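After this come two complexes, each holding chain A, first together with chain B and then together with chain C.
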Partner chain A sequence: MAITSDVLVVGGGLAAVTAAVSAAREGADVRLVSHKASTLRQASGLIDALGYVPATEPAKPLRDGPPTAGRELDPDEWPDPEGPLADPFEGIDRLPESHPYRIVGGDALRDGLDLFDDLAGDAYRGGHTERNALVPTFGGAVKPTARYPAAAEAGLASDDRPMLVVGFRSLTEYDARAFAGRLEAAGVPFDVAGAEVEFAEAFRADAKITRLAKALDHDEAIDGVPAREALAKAVSPHLHDVVDEDGGVDRVERVGFPAFLGDDRGDEVRAELADRLGADVFEIPMGPPSLPGLRLEDRLFDALDAEGVRFETGNPVVGVDSASDGRVEAVAVDRKGRTAPYGADAFVLATGGLVGKGLDSDREGAREPVFDLYVDQPDDRYEWFVDDAFGDQPYARFGVRPDERCRPTDADGAVQYENVFAAGGVVGGADAAREKSASGVSLATGIVAGRQAATEANQ
Partner chain B sequence: MDRQVDVVVVGGGSTGCGVVRDLARRGLDTVLVEKGNLTHGTTGRMHGLLHSGGRYAVSDQKSAKECIEENMVLRDIASHCVEETGGLFVKRPEDSEEYFQEKLEGCRACDIPVEVLDGEEARRREPYLARDVEKAIALPDGAVDPFRLCVSNAADAREHGARVETHAPVTDVLVEDGEVVGVEIEHETGPGKRVHHEPGTTEEIRARHVVNATGAWAGNVGEMAGVDVEVRPSKGVMTVMNTRQVDTVINRCRPKGDADIIVPHETACILGTTDEEVDDPEDYPEEDWEVDLMIETLSELVPALEDARTLRSFWGVRPLYEPPGTGTEDPTDITRDYFLLDHGDRDDLPGMTTIVGGKLTTYRMMAESISDHVCETLDYEATCDTADAPLPGSESEARMEELMDEFGLRSPVARRSGQRLGSRADDVLDEYDPNPIVCNCESVTRAELQDAIGEAGSDLNAVRLRTRASMGNCQGGFCTHRIAAELAEEYPEPVVRDAEDELYQERWKGQRHALWGEQLSQAMLNHMLHATTMNRDGDPATLDEEVDFGAFDAGADDGAADADGAGSAGTAATDGGRANDDAAADGGR
Partner chain C sequence: MTRHTEDDGDAGDANGANERSGGRDQGSGGGGCGDCGCGEPTPGVPEAGRDEQPSIFVPDEGEVPDAEAASAGDGDRDADRAATDGGVESASGGAESATGGTDSTELDPDAYDPVDVFPGGDLDLREGADSCYKCTSCDTSCPVAEVDDEFPGPKFQGPEQWRLKRKDDHDIDESITSCSNCMRCDDACPSSVPLSQMHNEARGQFVERQMEKLSVEYIRNRILANYRTSASLASMFPRTASFAMNFGPARWAMEKVMGIPKERDFPEFATETFREWWKARGGAQVENPDKRVAYFHGCYSNYNTPEVGKAMVRVYEHFGYEVMVPPQKCSGTPMFANGMLKDARRHAETNVENLVEAIGEGADVIASCTSCSMSLRQEYPELFDLHGIEDLAEHTFEALEYLRIHEDLEGELDAAGGLDDERAFAYHAPCHARNQGLSRQAVETFRDVDGVKMEDVGDSCSGISGTYGWKEEKYEKSMEIGEEMFEHMEDAEGEVGMTECPTCAMQMEHGTGYEIEHPLQLLEDTLGA
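Coming up: the complex of A and B.
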């Protein structure tokens, strides 16, 4: 029997879930198909909306032609970005016209964030204000974000309480002393110290962060001492490490750890540590594998269940099965080597960008592999980049070009399929990394694509 | 007045490092100065082939004989820098049979041990060779790590009293009364190892003789002394694959041509190369057709290369030289032989000798010959022992095998560390507990990084070259910050930050030439990790403008935030609920 639904969402990340839930809330019968684990495990778990308006022009004109050895002596220089922005909505007008925020509008972002607040519930904070928060992440830099895990709240940089940052000798992601130094260099309004302590040494030298989280969840004994107590004991000698401007010693009021403070029982772990240390405890968002990202993924899939969306993972959508009159009728899903058609009245493409493999590339160019949608790009692959790694990288903006209903358009701006909508990383035009806008773009385009797909299906 | 040394050697490539080692071992007071890291120029930008001589067996038998001789020497004195991969010259149906026979005879004439294999046997040894490869000549090509080789030479020189100054460009050659009497150098961050933020200084080094071993840059140093050195720099591309499609050096058996060699090197394979004359060794185009040519042409030998992942590409500049008036048109026809130019004889400017041409495999022989010349000039008698004395790290092969089994790391990691460190592994790995892996792609541990930092200061590119950290698939995406964090033990935060940026940007440069397929996905992931999550590009610590922290959200419990927040009644109600949960969760703070 053919598999059909009103709306079929392709993808499994934040944009896909947002689109699926918003379509379901419009009354559509929704199915979600995703290939493999989403890229959320690589994400920090922070929900950014817009933190900067980055420069799109270099300080002086780029050199023409192929790279030369000499460019290393004469690198292109990029001006500082505008920001960090306290108000994410205020910067939207200054983004390039082809930016998804300019196309779907600030209200879509607002609605997307509201939907996120609803789905994330108690696990996330920041919904009480439209303003960004500055959250320290594991490089030691603060970054502007719209929503943050409850576990990160006590670490906000606009809070003026003295802070201790804890690092572990056997974890190599950051050094707590350099971390504290970087916060000071940023001019944060609080005193801060970093301490490298011994704790994780009880585990193998390069134990995974998930292993540490589990030990804290279950309060496993380490050399006869329960893990949480052992951790508190390792940190206690440093609670007075902070020295203020006048050379006075402050007792810290909050202590930051890498984000491994438990997995299933994170609240309990933090509470016990806070109690033992007599200070608030927070998690520092980390790189992959990111526990906050994994926790968010779990929560989003629980939400899908609650909204009545059927979902299946493990089977890639490999192409269009049938189409007529400018509409896709069914897509082809690869199920263990056999292709099956999945029919729907409307489709949402939320397969991600270059990282999530929603975009594919070879030496000839970048493509969108499911619907073969138009991907705007320079012909010459030596124009896909600029020399400064943090400059305005053209490749970072690769993706499909949506209309205001999030339908992908061709090179001439004409809609490619009436009933195909795109959301998230597969949508081009944003430099989400420099703007700190990745989650916001997923939420804004996800909610528009989901609603529009439902509308299309209802017709 | 400044003390006078015997010899200043300019240039920290394989030739310069070889010369300083040789002279120091002969007892001369010697200083090596290099404008970048050791191997900064051509040495660090080659494919890592230890020639058997097979490549020159038809066209240049003198070079071929030197190669096989030195190949055997390096296997002894530099065992921890050499991988004895063996090599094949393979013949495709369209390649000339006559040339194949000439190659075979040439090798025999030069005492290069050879064995002829049929296609089937060649594919048994290298399963990814194309089905239509007809036959091959097996010979003792190998892979050599140029950086490890240079560092070992420099270390040995230092043990014998020499001074080695990197990041110390020569700013002038001192000429007095028609004679070279030394050089002026600029220490970019002061003498000794390079540490970011330390102020620069200049120094005059007076010497009885100056050796110009700057290869493709020899003309620049010559110019400072007022003499012409007509180097003809020729660029060549090298493309790095993410895995070893072959474990043997694969050469195409045909007269000459671009894209005819694949060298397995550590965890990667390096495809090479092109040969194009350039005007300026510092500024020449790096073009996509060169990269495409490597992949497409070499896929004829190893078809798997067509769809394999490339990590990056880099270009090197050969210091080709021919005596004035030779007038060879095609750079591929210029001799690979080396030339010793005594400027006293040649230009009536005593006190300086330039060495140009040559190749890494014969670096020791070149060093010996220039050292002989210098000793003769200085009327100093001493014998050369560099062909017999093992380099630091290669003293005992048996000990190295032992060490590989000994260290309490998981075995592939210990093996990799052991291979890199050779007989020094004992001293280095014992230092750190815990000793976590910092660079996962290349299995580099903290102990190795700290050892390298001890030698190289905060120069993480020098640390990278010593350890291979950040040279794997992720090209530093997952480890530049971790490597930089290792500096925090010794250096303050701004040093850590600048060192990190410098390494990250250097890694990016090579990836620009591999930006498609998996490596483009990797680049995007790196961009997301470093810009999105770590906010390295927008970190207020690096921006000119100050940040008004008070304008940002300070948390739901913060009174000020609620007062001027723009939340609607609906969100306020949600907040109330959350604040209560929060208090409970945090154990009633």
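Coming up: the complex of A and C.
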């Protein structure tokens, strides 16, 4: 067996990168293997920690018997979650005991965020405080988040300067006027208007956001006018669109765009637009495809390289190759049909949850496919979910159950492998979508798993 | 046009293929962990590009008379029916199976999946199309969509177009010819949709059914795709050919008549091909029945850069391998990219036959070009059903990859002591290397070697994508895609470029004027092989 390392990290997202870097900083020789291009590409680029504490008990007791989705009975009802939280750390004690934050502790989250700040550098903001920022996202919702891209800074909802939001007819998933309307309905402390402008119409109707970003990066000529100038010209007639409560007209002081303002040269594009418009320019994070996610991926993988971590994408880890005395010696990596063993002294599993395919599920149950770790779940499939879509869905908390060193345990709470650690979405116990905690859980468990794996490997 | 679901009429072969594909379906559906040998059933992890149902391209013109004869008895219905079942259907007595969507009375619930009752296409990619949840990661990773306003992107070309053409009255959209077959979408897809397989199928159909066979574009593409034919002719008079192909007035005429951009320099032909060298050398210098490899040199290492092939031989012999060089033709990569599936299949027959024979003698198959290894490993079993093609896929590796798995390469390099005079390289990972998990291996192999400085010039595509950048109408797009790589190469310290892919090397040289080497050449130098 020729492919070996002290620590092998399986996965390619935020948790995997965090674990790999933290293990490398402990002096371990680290290799990271990811099946596909990093899922960071689909991430909003916002780094949340804890935005809400959702209720884990229904408003009234659940009926006896299985939930009855689709049948003509009263659905169950759940109270609204507590939040948005001003301070993510303050809410940790009110989470269920099996939550990863309760297991690894608030200090792990602090360390994880510190590591992130170090890796992200000046591309990110929010590290000056432990409190959450309120960042508008493209549905018009305001998300409590711990860190946010510098490109989104001028858009914070706590800022009271009048705001113009720009949209494009060809970007169908995003409507600037609806966005502005929702912000106003949410009671933001500033005046806001949305306007649809003619710019993206110069491209094909379903142009990829990467096409728009590239055109702005290179300042390509659009009908003879450089792209940045053309975009500014399209927006400038709307700089006085905002009407305040008394019917007065304000010149806007900040202009928000969907997040496609350049890729490699985003700072340059924003600065030029700001200069031409005489207003601050910011990006509104979008769902996938997400340029803020792509930029974060680039930055974090450059950091891996700088830390001396070896990494590869393209081939999946498909199982344990050899194990003895409660320790995994090597995992099997499928190289287009033939497997090759990858040996290591310690392993970090950071393959994601049900959506990221780190957990596999069918009618029989949910499983962890790489190490075949125990996944806590009700035996009866009807207990996997509740009627209220916004209720405490049991499946949302599916995952492996770690001990305080992030080693997965079996049904009796015993450690399954001495040298296997888990981080990120594959760890159960968090309802990341309702809590707004996905990134924080990845950072907190990632840093613990990485350090512990390095310690294990150094022994 | 008619396509067949059986191989060359050989019932034994067909059954063999069915057994294999059945086993694989099980693996991906939550069954065993394949080849890792542990024998324990573990839940399936989707395997890149291989967890979908197998598919079959068989030419329709009299090349498989046996199959025609065999299916004639069952009438056309049999021949038209798609391989929707991934091999579940047995050949037992011609009974209609549940998956054929017929009035069979004995439905075995274990033998079919609900999706199987719908009629499939020529290749049944429904499962793959259904796996698409439209996250658009493929579009975001597409180097062509980033610069080409006419190109709708891989999500349309793949799952969306596949669904559209379930109805017979839909033509394949012409934009499929703008796909460069870089296969980055495969790597980007979090849901293992077989995008490149869908593109290959659609492109093959477009060329087969909709493209004017006497058009300049078709003829030009056919010539580009069949590079091996041109190269084998040219290498009979290598010096004359190298001159003539790059002669100004000739190039002007080529652009005007054939649509081959005059900006590009044709590669020089070697005065001695790799195979000529191999023969003159007297073949293998090492005999070792326990460590054998069969070298798939491909066309380029043979006709244009035999030094890469020589480096491969010397490095492998240094490690005690017996190198075999079986008869071989083009891997098919340029043919897939131009929709010339029939040509590719014809070449594949030769390759599979000879390489499987070598595998039978204990060899693994080694390619020095990452597109060749990609083709043998992934496109072959996805597109063709030839006896032994799965074995070939499983036994094929890229040259550096194989040594990294089986030899203590780092230790050897350490012991060899590095280079006396420092050399710096600007390394570009080919897109097809990326899909095989090889994009970082050169940088990592040489990272700790004294006297070698290698910088990864980033994850952008070189833009040439084989024959794509050799088309006049694509030339500018190709250079626009490559711009990022050129810039990063200029920024890198090294003044020599490095890559595994011959056409990437052409583009790197074209864009920067650098000399380009293959990692095997550096490995030969650093090992003192």
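Note that the second predicted complex is superposed on the first by the 447 of 459 C-alpha atoms of A that agree within 3 Å, B and C clash if a C-alpha of one lies under 4 Å from a C-alpha of the other, contacts with A are read in each partner's own complex, and residues count from 1 in each chain.
What we mean here is this: a residue touches a chain if its C-beta (ideal position, glycine included) is under 8 Å from a C-beta of that chain, and two chains touch if they have at least 3 such contacts.
On a predicted model such as this, the values are computed, not experimentally measured, just so you know.
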Exercise. Touching A:134 in the superposition: chain B (first), chain C (second), both, neither?
Worked result: first
Exercise. Which partner does A:42 contact after superposing on A: first (chain B), second (chain C), both, neither?
Worked result: both
Exercise. Counting residues of chain A in contact, which comes out ahead: chain B or chain C?
Worked result: B
Exercise. In the superposed arrangement, does A:210 touch chain B (first), chain C (second), both or neither?
Worked result: second
Exercise. Touching A:288 in the superposition: chain B (first), chain C (second), both, neither?
Worked result: both
Exercise. Is A:332 contacted by the first partner chain B, the second partner chain C, both or neither?
Worked result: second
For this session: Return first, second, both or neither, reflecting whether A:306 touches chain B, chain C, both chains, or no partner chain.
Result: neither
Exercise. With the two structures laid over each other on chain A, which partner does A:357 touch: chain B (first), chain C (second), both, or neither?
Worked result: both
Problem set entry | Common ground on chain A, meaning residues reached by chain C in one complex and by chain B in the other | 42, 206, 288, 357, 360, 362
Exercise. Residues of chain B touching chain A in their complex?
Worked result: 235, 280-288, 292, 295, 315, 317, 409, 434-438, 446, 478, 481-482, 484-489, 492-494, 496-497, 504-505, 508-509, 512-513, 515-517, 520-521, 523-525, 527-541, 543-556, 558, 561-562, 565-567, 571-572, 574-575, 577-578, 581-582, 585-587, 589
For this session: Sort out for me which residues of chain A touch chain B in the complex.
Result: 42-44, 46, 48, 51-52, 54, 65-70, 72-73, 75, 80-81, 83-84, 86, 114, 117, 122, 125-134, 137-144, 150, 153-154, 156-159, 169-175, 177-178, 180-189, 201, 205-206, 267, 270-272, 274-275, 280-281, 285, 287-288, 353-355, 357, 360-363, 366, 380-382, 384-385, 387-390, 393, 395-396, 432-434, 436, 438
Problem set entry | chain A-touching residues of chain C, taken from the complex the two chains share | 30, 33-38, 40, 42-50, 135-137, 139-142, 145-147, 149-150, 152-153, 156, 187-192, 377-378, 381, 390, 393-397, 401, 404-409, 434-441, 444, 456, 484
Exercise. Can you list the residues on chain A that touch chain C in the complex?
Worked result: 2-3, 33, 35-37, 39, 41-42, 203-204, 206-211, 214, 264, 288-289, 294, 305, 310-321, 332-340, 356-357, 360, 362, 367-370, 372
